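Some structures are shown below for you to check.
Next, two complexes with subunit A in common: one pairs it with subunit B, the other with subunit C.
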Partner chain A sequence: MAIKPTPPQSSTSPHPLTFPAHTFAKLAPKTYLNTHLNSAHGPVRPSGRSPTQTRTPTCHTGSLTHAHGSAVVRCGDTAVVCGVRGEILGAEDVPDYKAKTAEEIEEDDEHEMKYADTWERKLRKQKESSEEMARLGLLVPNLELATGCSPTHLPGGPPSTLAQTLSQRILTLLHTSNLLDMKDLRIWSRWPRSGSSSGSHVEEISQQDEPAQDSVKAFWVLYIDILFISLDGNPFDAAWLAVLDALKNTRLPSAWWDRDREMVLCSDVPREAQQLTVYGMPVPLSFGVFESDEEARGKRWVLADMDGFEEGLCRETVTVVVGEGEKVVRIEKEGGVGVGGKDVRGLVELAGQRRTEWLEVSGKEAS
Partner chain B sequence: MTSITLSTIHRADGSATFTGNGYAVIATVNGPIDVQRRDELPEEAAIDVTVRPAGGVGGVRERHLESIVQKTLRHVVLVSAHPRTLIQVTLQIVASQEDHLNYGSLPQTSPYIPILPALLQASILALLSASIPLLMTLTSTLIAVKESGGLAPCPSAQDLRAATSIHALAFSSYGDLLVVESEGHFTSEKWEEVCTRAWSICHGEEEEESGSDDVSMGSQGGARLENVLRDAVRQKVVNEDKWKQSPLITAT
Partner chain C sequence: MDRRRVNGPPGGTAPPVYLPPGRTAAAPGRTRGPNEIRKIFLKTGLTPSAAGSAYLELETPSINHSNSLLDRTPALKLTCTVHGPRPLPRSSPFSPRLLLSTRVKFAPFAARQRRGYIPDSGERDLAAHLETALRGILIGGRWPKSGVDVIVTVLEGEEDCPRDALATGNQNGRTGGWGMMSILSGCITVASAALTDAGIDCVDIVTGGIAAIVRQPAAPAQLVLDPCPPDHEEIIAACVIGYLQSRDEVTETWAKGNITALSDGKGTTKMGFDTLIDHAVEAAMAARRVLVEALKEGTEAKIQNSQAKPPGRAMGT
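Take a look at the complex of A and B:
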């Protein structure tokens, strides 16, 4: 620490301009951060981290029993709960819905199998899947900041600009990263189940002779609710990691359209529940750019995974999302000129390291 | 292809219409004006951005666009020149390609990146028209990466649907990278290629040294964006100064 309270020389005349470090941080936050970054032992942030060091995330899945999938993610003092709940949307309730028959979808899948050799074709297929999800509105994220998570977000008010911005970013990333597969969200019509519950569905399907009449009767709509328990900087990364883990944890009950009763029925057998396929596992890393003197174009520091204190001082932010195979899924940068075109590659590399770290943490929790 | 009209709305302090690439945006600027106590900043001017969609009322998507434009303008406008005031920027989208993108009933799921360059350009022109002191101006462009790997500057709705990634980039008048919004699937090499290309579209001083397929597209782009902006403003100044050249005035 560069600033330390000095003990008063004598009890009668204490030095008038001596503060403890946390008072100094409140009075002159910019100078405080600047002094830390300019310290003789190399740049160090008030939290003790180096500029590119991130806070190690921790996660816990399946703690909400009433949701189909849930996760709690914590990065430093930022903690987020995400719950995923599936609701059924009937195909007849969708305006202008042109039902695809089983044959058509099968044909598509065969086509995919045949041409899935190249990355581009696979991508195109996944993109079509995401577009259908977007058209039907099957993914509904909602983000709540007004939970008393930080003094700047008062509970009870309308969603703040930050909350709206974050939920839009999450919605966009859900669709553009081709995270989920449409085939997990379709509910098919089937023949009524034969009395005993011993036979599995696979057998039942093979028993019936009219597969051509099979059609999509309903969809699963995933309501993804994100609640901030506490907010200390970098809300987007924490929220997205929670969404990712909750979706991976989601098990939707096996559902089918019953032709006799003309309604969707769900199986209550837990082992028949289907896990969602999550592709790519894109992981974000956000950066802030701290400028010691804006007007004079002074020295700049790129700080990874900012905490709340640093966020108040950095106007320029960069978010890089890296997916499978070192492919970049998203880059967002706004608010300044500190990071140029040449610096982006380095940030992408750091985000790649963050992804490896997250996969380790998330894998440990799953096992 | 791009058309710019300055001071289209005479009641506002400054206004501009920007049309290009299937998008049209009218921007108005009022300021510096009085600020509500709640929004007042002691050391600088507050910037308030409102985005109104072509149809209906704005939603979450518009709020996000507003926040991107606001953060950018906060860096571009010399905010310290007018402390404790408000600079109000209103952006009305008049035409957009989204109608052709067929994303169904949910406006927030349609991509917001394609409209961003038009919003940024319109707002900077309106700020110029309102004579608000600026640190720099900006130019912004949209580039789509085709499935073949080629770049498509100023992509159409079809190009956008077929693209593997789309990128909106903005550069300051000093040539620094100001805004990036990229989505899709791409490598850092591809992104750097896109960035170089966008830079040469916005600032044409340097001849680009990239591959063969870029040459035809470059010539199609025509004048550099920065020059287009400069010409529009120059034309406006010339028109306003016409009375000085009047023979009646020179005679007296």
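Take a look at the complex of A and C:
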């Protein structure tokens, strides 16, 4: 790296050595960020944002041909592609799987009716759904950083620790946020109800004598592959938003069990394909806590939606995931004690604003 | 089993099987002229964290709005990043020249069948071809003891078989890897754009071109530029080259198929290897026009950015 001191601007006073800003940022990153945050015009980050200001996300869905659902999300200089692809898991391939018949599932529903509170009932139902998904392993998210998205993540070798951590965090959030409904992922032994009146091949099947009992024959397994095109901080938020939009965009072909061939067949008619139900739309917002060493009093700033430069300087991070009605879905915090209970309240509020912003962006794309 | 990734259910899963096979509409075939290549979208600077980057996409065929999920034809989509030149690790031996390493990786959703994360032989093969195409254009002596990484990610690949064969699953033994040849041609162009974006000195910009001898049923063989494999019933031979126009040099050739003794029906010209190369060169020259435009645009955007954003106030220490 060649460092060329810029010529002093004023010749009157002996000017100390000066560097252009980007050189300074490389030589003394901490001082650089500290000076910005302590500026006379109020705290401002090197990117020009205020500490709580986030980068506006953009999204684009359905651009991949071979995926059942896909999304490209860009937040500043971080860009992610997510593709969702459904594959079929036969019920006989699940060890110790006790097939539930339609009656049994309906019975369960009746049992549920006993709960007076509808909201509680709904929650219980969703939770059971997620538990079954986790038990069967129907959601398979994998995050890939080794695409040359940044100089620190080059391909060759196994996935980095960061990539593994992020994949696991996404898997956990998929399960704990009760995002999807099990009913969308079951494949029954009968022809799907919704598509019973279309296509010539349908009659052929309905002419067969009615199956004695309706049972779950197979499941859809969703392979959720997340590829980073470009990485400049805050990979988790961008990856999750891409997953969320790709799942919303996913249309699984209608599928049924063919008794003669003893296999699951799918219809290739696009309008029979079923959209996934996505509940709650939980949206995360990550923060970093920057502490300056110089002041012993321990002045600290909480920076929302960090970029790559800031990420290198913040040890403590907080991720708040907010769902419907500003309910906190998940809080992850690590690396320090800078943010207390009171501060978290403010962060939750910011995450709520982020969610509103995202719903607007993603709604615009969908319409 | 890879324990460092999230694996699917231990029982294994199967890709969906569609019914009814063979219901798809007849392939419309090629709608372009034989000397016309598909429109190329090329843009540099998509990955600001890398030294250089580029994105390439080929024109999407209009058939995607048809009434079957199987009829959708993909459009080639590639991203490329370049990292370097940067110092080699201390442990590596002295090199007087810039060391080039190339990688090509397919995304799991790049093909009709889901692809794994472990590199396979096809990817390594493409990377080796790409390396030969690029090695010759770098002025490597300017960076001793350094290395540069060129990484291409295939977001969406090209298919190998005719459209109706895809729908029935009956590939007629046609697994020839013709799609791989189109992908290589795209890889060469996109990597050249990313290398230029990274500011690495090259003797010229290299572009990929592909030509093929194809035959529709009950028609004589024909020479076409930039073949889209699903459009053609039979591909007899194909050839990809990496071509430097201003020096009239070829850095890479990959030809495949039965090239000998074919006439175009009139019985006058033979479609030999030389003719095939000449046509591939033509395709590369057409791609070069797009590349030059993209590089101009990219450079203009860079200049505008640096003017709009003065590099901050200088801070004294």
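Here is the rule we go by: the second predicted complex is superposed on the first by the 316 of 367 C-alpha atoms of A that agree within 3 Å, B and C clash if a C-alpha of one lies under 4 Å from a C-alpha of the other, contacts with A are read in each partner's own complex, and residues count from 1 in each chain.
Assume contacts are C-beta pairs under 8 Å (C-beta built on N, C-alpha and C of every residue); 3 or more make two chains touch, one makes a residue touch a chain.
Remember, predicted model here, so these are calculated numbers, not experimental data.
In the superposition on chain A, contact of A:49 is made with neither subunit B nor subunit C. Looking at the shared chain after the overlay, A:172 reaches subunit B, while subunit C stays out of its contact range. In the superposed model, A:122 lies in contact with neither subunit B nor subunit C. Looking at the shared chain after the overlay, A:95 reaches both subunit B and subunit C. When the two complexes are overlaid on their common chain A, residue A:136 makes contact with subunit B and with subunit C alike.
In the superposed pair of complexes, A:336 makes contact with subunit B only, with no contact to subunit C.
When the two complexes are overlaid on their common chain A, residue A:327 makes contact with subunit B while staying clear of subunit C. Legend: residue contacts after superposition of the two complexes on their common chain; A:66 is shown touching subunit C, with no touch to subunit B. Looking at the superposition, the partner that touches the larger set of subunit A residues, subunit B or subunit C, turns out to be C.
Within the superposed three-chain model, A:164 lies in touch with subunit B and with subunit C [touch as defined at top]. Residues 95, 136-137, 164, 167-168, 171 of subunit A are contacted both by subunit B in one complex and by subunit C in the other.
Of all residues in subunit A, those touching subunit C in their complex are 6, 15-22, 24, 28, 32, 35, 46, 64-67, 70, 77, 79, 81, 83, 85-90, 93-95, 136-138, 140-142, 144, 146-151, 154-156, 158-159, 164, 167-168, 171, 201, 221, 223, 225, 227, 229-232, 253, 255, 258, 263-270, 273, 308. Subunit C contributes residues 2, 4-20, 23-24, 46-51, 53, 64, 67-70, 72-75, 79, 81, 83, 86, 103, 105, 107-112, 114, 117, 149, 151, 153, 155-156, 311-317 to its touches with subunit A in the complex.
Partner subunit B is touched in their complex by these residues of subunit A: 95, 120, 123-124, 131, 134-137, 161, 164-165, 167-169, 171-172, 175-176, 178, 315-316, 318, 323, 326-337, 339-342, 344-345, 348.
Of all the residues in subunit B, the ones that touch subunit A in their complex are 60-61, 63-64, 66-68, 71-72, 74-75, 102-106, 108-112, 147, 164, 172, 174, 176-188, 191-192, 195-196, 199.
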